[in-house]
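Heads up, there are several structures right after this.
Each of the next two complexes has chain A plus one other chain: chain B in the first, chain C in the second.
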Partner chain A sequence: MKDRLFGRFVAPAILAVAAGFFLLPLFAMLRFALQNIQVIDLRWSNIFEKWSLAPLWSAFSDDQFGRALTLSLQLAFGTGLVSLILLVPTIVWVHLRLPRARSAVEFLTILPYVIPAIGMVAGIMVIKPHARWFLNSDLSLIPFYVVLALPFTFRSIDTGLKAIDLRTLVEASRSLGFGWIPTIVRVIVPNLRSAILSCLFLTVAVVLGEYTIADVLLKRTFPAFMGEYRGSDPKGGYGLAILSLVVTTLIFMIIGFVSRPRSMRRPRTKGTT
Partner chain B sequence: MASVFTNPLGEGGAAAKAAAPFTSRKSRSWFGLLPFLAFLVLFLIVPAVSVFAQAMRVENGGFGFTAMSEAFSGQNLDAFWFSIKFSAGAALVGTVLGTLLAYVAASITRPRWLRDAVTAFSGVAANMGGLPLAFAFLSLLGRQGLGTKLLNGIGVDLYSGDFGLGEVTGLVTVYSYFNIPLMLLVILPAIDGLKPSWREACSSLGGSGYTYWRRVGFPILTPSILGGFILLFANSFSAYATAAQLTDNSKIVPLRIGFFLGGDVSVGEDAIGFALAAWMIIIMAVAMIFYWVMRRRAERWQS
Partner chain C sequence: MSALEFHRVRKLFGATVALTDFELAIGPGEFVSLLGPSGCGKTTALRIAAGFERADIGTVRLGDRDLSPIPAHKRNMGMVFQSYSLFPNLDVRRNVAFGLKARRVDAVTIARRVDEMLETVQLTGLGDRYPHQLSGGQQQRVALARALASQPEVLLLDEPLSALDARVRSDLRDEIKRIQRETGVTTLFVTHDQDEALAMSDRVGVMSNGCLEQIGAPHEVYQSPASPFVARFVGSINEIPSAAGTILVRPEALEIHDDMANATWTGTMVASTFQGPSTIFEIRLDVVDALVRVHTATGRHHSSPGDRVSISMKGTHILID
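The block that comes next holds the complex of A and B.
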């Protein structure tokens, strides 16, 4: 009886309140950016009036916008590539040769939580005078973003590898005469397609969201531009924030999509020998 | 710690020698981790260690704790208190509401897509932070915000008390946006791991619903709840980007570090920024170790 009361009334009520809390801020931001009416003048009668994408177009036409977006895309591409080159061989190795080290390696990948972005950038400031040749380049952010993304990227590759029969694949490939590198590139990578895709998308999400390091080091990435542009044109800045939210949400939806069918399609290879 | 990786034969000499061919191959297999470890050392450990080195350096080149202790006095201490206060508040709110929401999500059976939708949305919201989150709440609960106006319409003046998005109340509200879903994701597997047979066993032994939660359910969830609380605390304590848009420069620890790093301070003073960062890393390390231990303990029941 009590359970039914909970299921019928309490649970939906809690869900409704939660939905309000999570959706109202997004709606308010959308309205502020795209509706050209001051909050004070807002009535129920004019709630559908004067919506326009104009603030977003004017943000796009700012000269800094293209440069900031290009830099962020380059960083995302570089971060994704370096993450894969670093992680795929390492995790394959751990699964095959050092299964007992897996939890130690996993522990290392949560170190970026221990040393948060603001702590990391403090360290970069210390090193900076000694490594200007490297740190002066905007692309020097890549290795640090690789580290920041580690907790996510490690997990996506790790679960991908858990889902395939790695040992059999590697033994087959090795006994047919492939070396280690061709085995990884031509046998393992094609089997990890969805995990690699999620890994790449996760790095894009991390790079598009990272503000701390870029802000302190005065690198003009997309999030840094967003913060700065908001100062001169709040509506445009909020519009850019909505855009980056939409892109990030799409990314997470795609990750959910690519990583699901595969595990359901997976044939049971284990236990048939 | 490093010796574990470089010298796995360090202990247990006799047993290791008896299986020489196997172990020698094994000791070589640690080399496969070298590129990964080198990368971590270069881009994470070296910056972290240099923060400590810089924080403890004194002018004549020796070591000292002046900056480290100064980071815990005056305005810096105020920043620590403020950070700890709102992070603990945000973690508490996130833990309670996240657990409640996870319990509701776990009990959803119809419609079937709803539970998937809740977890999928939590995955997105838990990773939301940075500028967009701050902008969203500024446009909802800022002084000219939509929500502020709606509340005014029903006679509630949000800003009559000491509410402010940069104050404890405001930061707790804003951080709940990612803390609640994060807690949900942390605790949901634990709640799913509560087997119906335990409940049946409890009631067939004469226990009420209260007895079940008091003696079975809650004790099993405790490590997950404590671990979640610590994770949320750490998460709130170290956040920079959202807070940077909501509050002024030097009120909370991450922003204060950023302020010192910005370089608008006199020569001797910049060590304090590094000392603050060093303390922050220490606090985060303690929190994450605690979280890790709790997670290990919680996983025992989730098979």
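The block that comes next holds the complex of A and C.
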């Protein structure tokens, strides 16, 4: 009886409060950005009035917008690629040869999540005088983003590897004549497709949301552009922020879709001829 | 010259001894099984041959080549694993062709060879199926075809039947033996199932604690075990305490008599179990408190539980521990 009461009323009520907690500020942001009404005049009564995408269009037409978005997408692509090249062989090696080191590696990958990005900025300041040639390039953000994305990228690849019989597949490939690198390319990567996709999408989400490091290194990434644009046109700036949230949400929905357990997994039951 | 030879191979995992002074020579075209309880080192020996583990001491030779410096992918060995090891992203044809691609064989030859192999394992027509669309038995057949497609010098079988149910296991057992005979490939088979080892092999090596206790033809290992361990591990055995030690004797090496004279032991029939062609009698001995089993051809002897009987040994298949 108690359980039914909880399932019918209490749980949906908690869900509604939590959803309201997240959605109301977003909705307020949306009204601020896209309703052509003074903030002081916003009421429930004029909730459907004077909506316009004009602030977004004017943000889009800013000549910095395209450049910033392109840079962020390039960074996302580079970060994803470098993460995969580093992580897939490393995690395969840890799974096969150093299984006892797995928890230590997992702990290391969590650090960027625990230590705020400003901690890394302090580190960058130390190396800055010695590495100007490197830090001058916009793409110098890639290694920092690889580290920032580690908590997410490590977990998606690690989970993908746990779902396959890694040792047997690697040994089968090697006994058939392929060395380590062809084995990773021909056997492991194709069987990690959904894990790799979620790793890439998570990288995009991290790159599209990172502001601190880009700002300190004076790189005009999309989040840095958004921050700056908000100063000159608050409505357009918040419109972009909402758009960025929508894109990130869509990315997570795609990850959820591609990483569903496939019904076509290899059967591990005893078979009949 | 032996096709595959282990010479004084030793392997430790931490403080655990997996293999110690392991010696084995397999002749060309021979089918040798390593039989033993889990943890006896049989899989380690196979994995050292495959190149997945390194021997701490000793050498493994393939023909006249020392395998120690050669990595797994250059050893030209085919291997079938215990767990289903087909590549889930490739269909049957591409799984079978995998090793040929590694050897950069041309496409026409690959296609012909894949057809041949699928015919050999009787899976013609299933080439475009994916592993998840096959039964366990079919998957192991494909794994066998894949291992043999590139004509390896040695075929390594790591308990390939143990994940299958009884009927499929027995069918595939016959199939593997037939294919091995037809292809003539030197084979090292690891199993803990004595029926498989005895039925399939030219020679059986029985292992215990990292050592080869005995190697010989299946009938030798069964009938003339070199050690009490082999006697106890292979087949069933009666253990009868005596002044000289424990007498180990096979159930079919004992005879039952109604006549109580000239008997080695006397006792009371406890149970009889009809098993078609043979019947198993269980007898409690009088002098030493032991329960022995005697296998006789059905119809040879008629006793009921409670009857007094005598037992003698046929003279062979006896070992004293």
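As a convention for this text, the second predicted complex is superposed on the first by the 244 of 273 C-alpha atoms of A that agree within 3 Å, B and C clash if a C-alpha of one lies under 4 Å from a C-alpha of the other, contacts with A are read in each partner's own complex, and residues count from 1 in each chain.
Note that contacts are C-beta pairs under 8 Å (C-beta built on N, C-alpha and C of every residue); 3 or more make two chains touch, one makes a residue touch a chain.
All figures in this text were calculated on a predicted structure; none of them were measured in a lab.
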{"item": "Partner chain in contact with A:190 - chain B first, chain C second, else both or neither", "value": "second"}
{"item": "Touched partner set for A:164, first chain B, second chain C, both or neither", "value": "second"}
{"item": "Partner chain(s) touched by A:88 [first = chain B, second = chain C, both, neither]", "value": "neither"}
{"item": "When both partners are placed on the shared chain, which of chain B and chain C touches more of chain A", "value": "B"}
{"item": "Chain B versus chain C as contact partner of A:149, first or second or both or neither", "value": "neither"}
{"item": "First, second, both or neither for A:204, with chain B first and chain C second", "value": "neither"}
{"item": "Which superposed partner A:173 touches (first chain B, second chain C, both, neither)", "value": "second"}
{"item": "Partner chain in contact with A:182 - chain B first, chain C second, else both or neither", "value": "second"}
{"item": "Contacts of A:101 with chain B and chain C, given as first, second, both or neither", "value": "first"}
{"item": "First (chain B), second (chain C), both or neither touched by A:117", "value": "first"}
{"item": "Chain A residues touching chain B - in the complex, by the definition given at the top", "value": "2, 6-7, 11, 14-15, 18, 21-22, 24-29, 31-33, 38-40, 42, 86-87, 89-90, 93-94, 97-98, 101, 104-105, 107-108, 110-127, 143-144, 146-147, 205, 209-212, 215-216, 223, 226-227, 230, 237-238, 241-242, 244-245, 248-249, 252-253, 256"}
{"item": "In the complex with chain A, residue positions of chain B that touch it", "value": "4, 26, 29-30, 32-33, 35-37, 39-40, 42-44, 46-51, 53-54, 100-101, 104, 107-108, 114, 118, 120-121, 123-125, 127-133, 135-137, 139-141, 144-149, 176-177, 180, 209, 234, 238, 240-241, 244-245, 254, 257-258, 261-262, 273-274, 277, 280-281, 284-285, 288, 292"}
{"item": "Contacting residues of chain C [partner chain A, same complex]", "value": "50-52, 71-79, 81, 83-89, 98-99, 102-103, 130-132, 134-139, 143, 146-147, 150, 156, 163-165, 167-168, 171-172"}
{"item": "Residues on chain A engaged by chain C in the complex (per definition of touch)", "value": "164-165, 168-169, 171-179, 182, 187, 190-191, 264-273"}
